[in-house]
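Sending over a structure as structure tokens; questions will come in a sec.
In this document, chain identifiers A, B, C and D correspond to the written order of the chains, with residue numbering beginning at 1 in each.
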Amino acid sequence: MAKSKFDYVRQFEIDDPCLPNCWIVIRIDGKGFHKFTEAHNYMKPNDERGLGLMSCAAQRVMNEFKEIVLAYGQSDEYSFVFHKNCQVFNRRASKIMTNVVSLFASSFTMYWPRYFNTQELQYPPAFDARVVLYPSDENLTDYLSWRQADCHINNLYNTCFWKLVQEKGLSPAQSEARLRGTLSSDKNELLFSEFNINYNNIPELYRKGSVLIRNKELNGPEKTMTSNNEDKTRYSKSEQKKALASCLVLHCDIIRKKFWEEHPYILSDK
Amino acid sequence: MAKSKFDYVRQFEIDDPCLPNCWIVIRIDGKGFHKFTEAHNYMKPNDERGLGLMSCAAQRVMNEFKEIVLAYGQSDEYSFVFHKNCQVFNRRASKIMTNVVSLFASSFTMYWPRYFNTQELQYPPAFDARVVLYPSDENLTDYLSWRQADCHINNLYNTCFWKLVQEKGLSPAQSEARLRGTLSSDKNELLFSEFNINYNNIPELYRKGSVLIRNKELNGPEKTMTSNNEDKTRYSKSEQKKALASCLVLHCDIIRKKFWEEHPYILSDK
Amino acid sequence: MAKSKFDYVRQFEIDDPCLPNCWIVIRIDGKGFHKFTEAHNYMKPNDERGLGLMSCAAQRVMNEFKEIVLAYGQSDEYSFVFHKNCQVFNRRASKIMTNVVSLFASSFTMYWPRYFNTQELQYPPAFDARVVLYPSDENLTDYLSWRQADCHINNLYNTCFWKLVQEKGLSPAQSEARLRGTLSSDKNELLFSEFNINYNNIPELYRKGSVLIRNKELNGPEKTMTSNNEDKTRYSKSEQKKALASCLVLHCDIIRKKFWEEHPYILSDK
Amino acid sequence: MAKSKFDYVRQFEIDDPCLPNCWIVIRIDGKGFHKFTEAHNYMKPNDERGLGLMSCAAQRVMNEFKEIVLAYGQSDEYSFVFHKNCQVFNRRASKIMTNVVSLFASSFTMYWPRYFNTQELQYPPAFDARVVLYPSDENLTDYLSWRQADCHINNLYNTCFWKLVQEKGLSPAQSEARLRGTLSSDKNELLFSEFNINYNNIPELYRKGSVLIRNKELNGPEKTMTSNNEDKTRYSKSEQKKALASCLVLHCDIIRKKFWEEHPYILSDK
């Protein structure tokens, strides 16, 4: 059995290095999560357990890949930002995205019972992932702003949609028709006048999504910020400490400059 | 909050279509599986449970992606062959490989207890994946031959290595030194003369790896071939039927022409 | 002056190898040739000098790159087919296409006076080039058929268009309007009934374009085929011999199987 | 003749967009210019005619592509810097590099007689080209520094080498042996002690290469800088004006910050 005779097929493997000095963003996205959330009785519009599990899996990824400087998640997606000078897997795009997405998927599956208790996982979930490169800090923060703006817009819509369905008894089609063409201000007004809800009082987890950063300065400015208390209770004591030591889960605004000014080390040169 | 202001960042996403009319191979590979198998007390040189779980996860992938015509697995790797004319995800490389690898990883994790019973999963496993394109049928079958030849060579070596360690009490370094520079014939001879083992009697699962193909002709020529009986017992009855209906697990030679002549539909035009 | 300090910038250069075992087609295309042909008083619808110069430049390219097995030209474009197993420049796409296109452009410029005599070149012409990979022989011959079908369709249209303008005195807009929505059969009829022209009697150079192949079998079946006589007179005696020895310029059908059956060595394995 | 039957082959054409917000450098390089300069009796170590022709062709390219902000040339290479926000050809890499390199090659060929008079062009020259992306201004200026440092190092070496050959009668092998292992300081000393040459007095054209920039501020700070007088005499009056209006040819240091501070508009946002 001549191994060498077949060895030539390795030449068909093609390298896909990321351009140096660019921020590497891996964005993962749940595949068919509309069906998945139905099958697992997720609460609508937001399921705290589901969001907690996503952030738990994301933290596992951040613990593994030390060159991730920040991760941002909302709904069934998570973005991981590798430092522009990172050398992980020699910056090979396929290697990076498949390692990240597979670790995320196996973590999501493994930690499922911690968040969903007796509600059993019906089938293994899949996620897709893509690599996007951003040459400048501004491009990167604009990317993150784009995702957080998307979170806001979707959450405002979904909050209205489900209120109309759950509390006013509208069908999904009726609810959609009611909201068609409305502006953000209209939706805020709808929530206030019809449901007595001030949108700004809805938990930041839902309005802002989740921001994971390294907890490098345990005694620095971060310690006063709200960390994700609910997560703590679901971790074992030792895991908890490890997670806390390396990650903070925030639900704050990252569109305004303030966040970046308060955490200058995130984007700083390494 | 002007969404449009940030929307430009989408332009940094770059498409990565696979060349049409080429066989698309996704090869996944366990990350750090030397450590993983140690941490989970895998039997050496082969762990039937571990190999069974790999094939179980692979079947889950094949059930999901109907354009996979064959999968081949050995050790901690699995190759999935998508038909050269497949249209899955518009043939976008990142989409295909990340969906496959994440579904594999979550399946591996979810089905772990079926194969390892009370032995708990210590941490979530990661896999990498790559896309390789093969323009001709010959290139593709040479690729698969390359992987099966690799399986044979590694398994012959590992069988000798662990026999020397487990039964002769050699240290790993001594065992390695003993085998350095030996030919296949030397290793066969070693097994026979020192351990009274005829290598050809070792289970085909170990010597040939696992070949998954569609069970399209339930009453056709395949039904006489050995399917993977052990798997049946670990599936629920309904899952079993579904899996059997769609996949056969073989442990046969795919290097010789015979296999391809007996299953001409695998590579045929769709 | 520390050279090493800047050397890191080389890491930004990214390789672009062509997939092995695929036919490599480089198609070049005149940039702004509508304007170029106007500025140089090209005859309409076809200028024999212009087409001759294109083929002359293409022959220069074929003489330089021995792994080109065939070239096909029409109008202001030329396609060069590198053998699927060629190793030119390690199959680096950028290297191949830029060498081909720059040699074509400098040859076009240098040999201009041989074809246009006293008509001076007004400004240097530019061409773009692209690389396209074709995995199978059928894909490749379909590509060439596509280009030759394009030649036919455009030439039939242009022949009608310019007849109407030049002999009936229609304005370009009127001529275009007259032809809008007509089928090939209508155009053939128009030429016959209004201009007494049998389209099939128009020179094959215009109807079929130009096919360059290697003249490997000087005493073989090719010698009876029509070579491009006009070109001979414009070459010096020694160049002529060299060109003839290495290339034949044909104006024949390459869509039907006959051509490929008569020249089996073109696509044969090397 | 069914056109549609073959149309599918267009799907094999794959787009290659450059990442947005990166500087696009096209570097062209003479193919086989050692042989070319021998065949055309270039003076050694530097031929003013040859360098003038290179810059003339480069200016032609800059006149055509208005989004080039700077070009730098030395020896048989030229680098063209497209602005990081340029939209030329939708930033398609193949399109940009092939247009640039073919226009350069045809210009080099067309303008040859202006620089080499009665010395005839023996054969059409070829150039290769590559695209390199630089995310930051610093990466870009480091790239240009790398090329200018390369110019310096090669010119110092070549100046010594040819002095030893031309004036001391050493064979090329002897000259090479004499210089092996020498530092820059050794070479400066050699030129001074053995040939009474102060390297710093050698023309900047040879030591620094050629920098082409836009002459946007005709009455601004640039007008006092040395433009390339020799070129003027070789252009027709009208061309001269056009060239002067759009380009300045400098032979200055671009490694030090001074150059970039004096011409801030080159890298400024558009």
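Points to keep in mind about this one:
Criterion: contacts are C-beta pairs under 8 Å (C-beta built on N, C-alpha and C of every residue); 3 or more make two chains touch, one makes a residue touch a chain.
All values reported here derive from a predicted model rather than from experimental measurement.
Pairs B-C and C-D differ in how many C-beta pairs touch across them, and the larger number is found at C-D.
Summarising the inter-chain layout, the chain whose CA centre lies farthest from the centre of chain B is D. Per-chain CA centroids place chain B at a distance of 47 Å from chain C.
Separating the centre of chain B from that of chain D, both taken as means of CA atoms, is a distance of 53 Å.
A straight line joining the Cα centres of chain C and chain D is 31 Å long.
Residue positions of chain D touching 2 or more other chains, listed in rising order: 12, 14, 19-21, 133-134, 139. Considering their complex, residues 1-3, 5-10, 12-14, 28, 31, 60, 64, 93-95, 97-99, 101-111, 121, 123-134, 139, 142-143, 145-146, 149-150, 152-153, 184, 255 of chain D touch chain C. Every residue of chain D that touches chain A in the complex is listed here, in rising order: 19-22, 84, 133-136, 139.
Within the complex, the chain B residues that touch chain D are 11-12, 14-15, 17, 19-21.
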